[in-house]
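This report concerns only the one structure given below.
Chain lettering (A, B, C and D) follows the sequence in which the chains are written, and residue indices restart at 1 in each chain.
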Amino acid sequence: MTKDLSRKDRTLGETLRSQGVSRRSFLKFCAATASMMALPPSMIPTIANALEKARRPSVIWLSFQECTGCTESLTRAHTASVESLIFDSISLDYHHTLQAAAGHAAEAAREAAMEENHGKYLVVVDGSIPNGNNGYSTIAGISNYDMLIETAKGAAAIVTVGTCAAFGGIPHAKPNPTGAVSVSDIIKDKPIINVPGCPPIPVVITGVLTHFLTFGTIPDLDNLGRPKTFFGQSIHDRCYRRPFYDKGLFAETFDDEGARQGWCLYKLGCKGPTTYNACATTKWNGGVSFPIEAGHPCIGCSEPNFWDGGGFYKAISIPTENITKTTMYAAAAGVAAGVAIGATGRMKKSAAGKAHQKVTIDDLEK
Amino acid sequence: MSASFEKGYNALKEQVDASVASFFSSCVHCGMCSEACLFFTETGAPERTPINKTEPLRRVWRQEYTLLGRLGKIFGFGKKVTDDMLAEWETLIYDSCTLCGRCSMVCPVGNDITDMIRKTREGMAASGHAPPGLIGATKRAVTIGSPMGVKLPALQAQIAHVENDTGMTIPVDVEGADYMLLLSSMEIMNFPEFIEAVAKIFKHAGVSWTISSDAFEATNSGIQIGSSDIAAELVQRIVDAAAKLKVKNVISPECGHAYMAIRWEGPNLIGKSYDFKVVHILELLDDLRKKDRLRVKGRLKDRLTYHDPCQISRRGGVIDEPRNLIGMFADNFVEMPDPGKMNWCCGAGGGVSSNERADEIRLRVFQRKKDQLDAIHVDGMISACSNCRIHLEDGLEEYHMELPVLSLTETLAENLDES
Amino acid sequence: MSEEAAIPQFNIQIGNDLTWNVQPILHEIRHALDKLLETGETRVIDLRSIPLAPGEEDRIIDTLCCGEVHAKLNALGPSEIYETRFAGVWLVTHHNEENDIIGRFIEITRIPDILKSQHEDMSIAVHQLENELSEAAESNKPETDAETNT
Amino acid sequence: MTETELLTWARGPGFQIASIIFALGIMLRLGEILMLGRKANLAEAKGSAMSSGLRTVFSRTVPDAATFKRSAFTVTAGYIFHIGLFVVIFLFAPHILFFKDLLHVSWPALPSPVIDATSVITIITLVIVLVHRLRDPVKRFLSNYDDYLGWFVTILPLITGYIAFHRVGMTAPSLIAIHLLSVQLLMVVFPFTKLMHAFTIFLARWYNGAISGYRGVQS
């Protein structure tokens, strides 16, 4: 126990040196970290300096209405050595999927961590919170709602991982039977960093955690609470297929010449223009590819309500409902109304004709 | 009975039809019609923009025949037509418009603005907002038979003169003649040479013709003031006379609106097609030319131009005929700028000449014609409308210009080879 | 028709159309090199921060590689450092212990910092050397003396 | 309401409502006009009303030389913004997709930089046109709320579209939603303002040409 405490008190620099990591290795690690955090290489010395002094924070990971896809994404991260360094330097005190402890022991660990690090620990949430009937999702007899409220109280900040925690996600999709809501719908008094995506890019998750670890601050966020470094630009604006959009070259189907030539997928319903994420630059699987590169349009998974966005394969400029029919019915109704109203006009005109009093030369003056 | 606002409003309601509704729906207030109207170009007064002259009709259309306008009327929105409003528009509609039709030719959305002003006059006349001068002329036309008060004896006197001077017989009331000639009062009073010229040409070409003592007047004040009822009555007199004399054709003389009245509005006014054909004198002369029945002696070297009377050219469709005829005797014919269907009005048509109140503006807008003439330096100007002719002479005098104004028929008659 | 021919071939082309980022990067490198010569200012370009089409990274590397220097690091996994055929332009690729690429940079500098020996490492090295020397000195003492003392 | 919800509303119920009012309104207006009818002309024709009417529908697009000279600004500016609107509305790929969804026909698109430039030119021209309307004595005299409302709802989708394309100020879902809503405003207002001339111009020109052509004059 005393050994553990002393470990927690050490800075990351001290920890690394004690493990025999050279300064050069540390610099390499910093370069990779900067790249991961989507920060310019000119920031490497600053990062090195901050990491040197960074202390190991306590992290409590809460999983609510979720599919564990986000955790899977994180643990499948390819830049393993960097992650392991980071996870070595954070204290993941509670994660009911990953931790060995179960039941009361697990909850006790959470409570202990909360007490010990009050005001300093980081809460990571994946999954949405059922707010209709709290009984839809409970852990150890505690409803998700209560656990979130209780855990958030002493947190320094909350990181929501995945669209469910950030915006409600799939549980929130119509008809939303559980009354699922996002963390920010419930917690109003803590800084919340949203890392949406279904799942989020693993490097983005670690990048955000690293930022907090490195600088101890909340990164610059957009209006949806997402870090601007990763969510600052739309997929469309950073897409390598963008030149085809500008030239008007589109794949019309999934197996036409355009698809083979790698043309823009806008017409196949790509939500790149309305989706903010780092997929186009960071890519997936260690920078191998991302959905558009694989020939599939972006489904906009890091945006609120993406599941109810009117169909994954319907282009953004197309109405979500059948307006051909609507227009035809409306036009037919318009013809009927026009004829009816026109008929009253015609009647009025013929009434005026009947009311006509012959004008003679005696009628030209008043 | 007398004029009332209600009668006028009712008349405007009667005038709205699908074309009027299309026109008003299409107007985008681009103002291009102003540049087509000499009453605007020569005065720069925005209210004289042609489309503004249709405002009473537009308000009636909007409030009576459009859904939004009807709803607006119920809730008290939208501009109403009132008697005061009509009074305000009177000078615009009568004094500042000759119904020349030029605005209808330039409107980019295709509005026949002139037709709408003509229709608006129906409401103006019925509500007692016609100019006194035009009311007087109309009364004379109906009671005496001529807007200028010309009675049959006056015509008979002129005929006697012509017969004495030339030794020709002017056929009057000859049953079964091919053509029945109509005359405008101005021709009878100011240009009796016209009767002589026609007699000479018809004799030369062997045309069977007559003048009716029942209906010799071609002009129609009803058209100008905008009263279809009165116009129809005047047209009916001619139709009856033609039937009585059993003629196959009626000739409209050198008068613009007379042609519009008898040729184009007439059958629609009386509600039935004619049993005879109406030809303009120029159409008939050109027809004779085509049939080689006209021979001219020598050719004129003078530099001559032709003033297209609006109702005959642009609104009447007689455009090529005068040019063909002038080509018979003139070597140096020059067109004015904007000739034919785009010609500028003299400034006195559409009842403006009968409306003393408009004398000043009528002469002011003559500037347009002066500019056109200044551009071509001619020795003489031919026309085919005695109303145009009188006003052209008036205007030339006002602007101190020396230029003979000639009648096409008379000039042709003078140049006939009578050998 | 063979079975293979029936499968549509998806050739995502690496034509000029797609390589819209290659030229700008080369221009950027040229400007940075100018700057380096004039003022001594260095520049690092993170290739991961640029949206690249499939094959574009290879094309950039093909265009640049390779010059006279090739260095290898072994620090938390291997790293490869090449001087490209343009002197002053370096290509630095970091791998992790599983040999996945964790960062790739183009550095415009006389020599990438990561190659230079670091102050902290050198001080540790001095200590270590001293220790080793003193240990060696210890062990070089005659055994007999010790035995004698015991 | 989140941005995506707003966008989804604009793409769904928004378009439904706008399409209903637009289609119903246009048909109602046309019915209202055509039902008034027009009396047959009893005078003997000198030319063909039909062929002249059809010709005028097209020929009025080009003014005669003298008219052009007198109204050079109005005609030129009119050409620029009408052609600009046509290009931007009908030749931009995402718009064509909309029309394809609606009409089930498609046509080739222009490259987006061309659309971009055209929209800038069109916006500038419309602004100049407004300034001219406010300063020219005739236009100012003739103008009423209809002219300014029509101008506003026309330029609004151009501006919102331009901003959405360049993503200025807000994130894309909001910008696209605002663009769609501005288009829907245009559609709702369209049948009841002078914008209706886009349809009735064919009737008006036809009537004008027919009236003149019947008398043997090509108007």
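Side notes on the structure shown:
Here is the rule we go by: contacts are C-beta pairs under 8 Å (C-beta built on N, C-alpha and C of every residue); 3 or more make two chains touch, one makes a residue touch a chain.
All of these numbers come straight from a predicted model, not from anything done at the bench.
Of the two chain pairs examined here, A-C and B-D, it is B-D that is joined by more C-beta pairs in contact. Ranked by distance of CA centroids from subunit A, the top chain is B.
If each chain is reduced to the centroid of its CA atoms, subunit C and subunit D end up 60 Å from each other. One simple way to say how far apart two chains are is to compare their mean CA positions; for subunit A and subunit C this gives 33 Å. Each chain gets a centre from the mean of its Cα atoms; for subunit B and subunit D, those two points are 38 Å apart.
Per-chain CA centroids place subunit A at a distance of 40 Å from subunit D.
In subunit D, the residues that touch at least two other chains are 28-29, 32-37. For subunit C, no residue reaches two or more other chains under the stated contact definition.
Contacts with at least two other chains are made by residues 341, 345, 349 of subunit A. Taken as a contact graph, with one node per protein chain and an edge wherever two chains touch, the assembly fits none of the named shapes, being neither a line, a ring, a star nor a complete graph.
Shown are all chain pairs that touch, namely A-B, A-C, A-D, B-D. Across the complex, subunit B meets subunit A through its residues 1-4, 7, 10-11, 13-14, 16-17, 64-65, 67, 125-126, 128, 130, 135, 138-139, 142-143, 225, 227-230. Against subunit D, in their complex, subunit B makes its touches with residues 16-23, 25-32, 34-36, 40-41, 44, 46-47, 49, 51-52, 65-68, 104-112, 115, 263-268, 271-274, 277-278, 313-319, 337-338, 341-342.
Residues of subunit A touching subunit D in their complex: 167, 222-224, 234, 236-237, 245-248, 250, 266-267, 273-276, 300, 303-306, 308-310, 315-321, 323-324, 326-328, 330-335, 337-343, 345-346, 349. Residue ranges of subunit D in contact with subunit B, taken from their complex: 28-29, 32-39, 41-44, 46-47, 56-57, 60-61, 63-64, 66-67, 70-71, 74-75, 78, 136-144, 146-147, 150, 192, 194, 196-197, 200-201, 203-209, 211-212, 215-219. Interface residues of subunit A, counted against subunit B in their complex, comprise 341, 345, 348-349, 352-353, 355-366.
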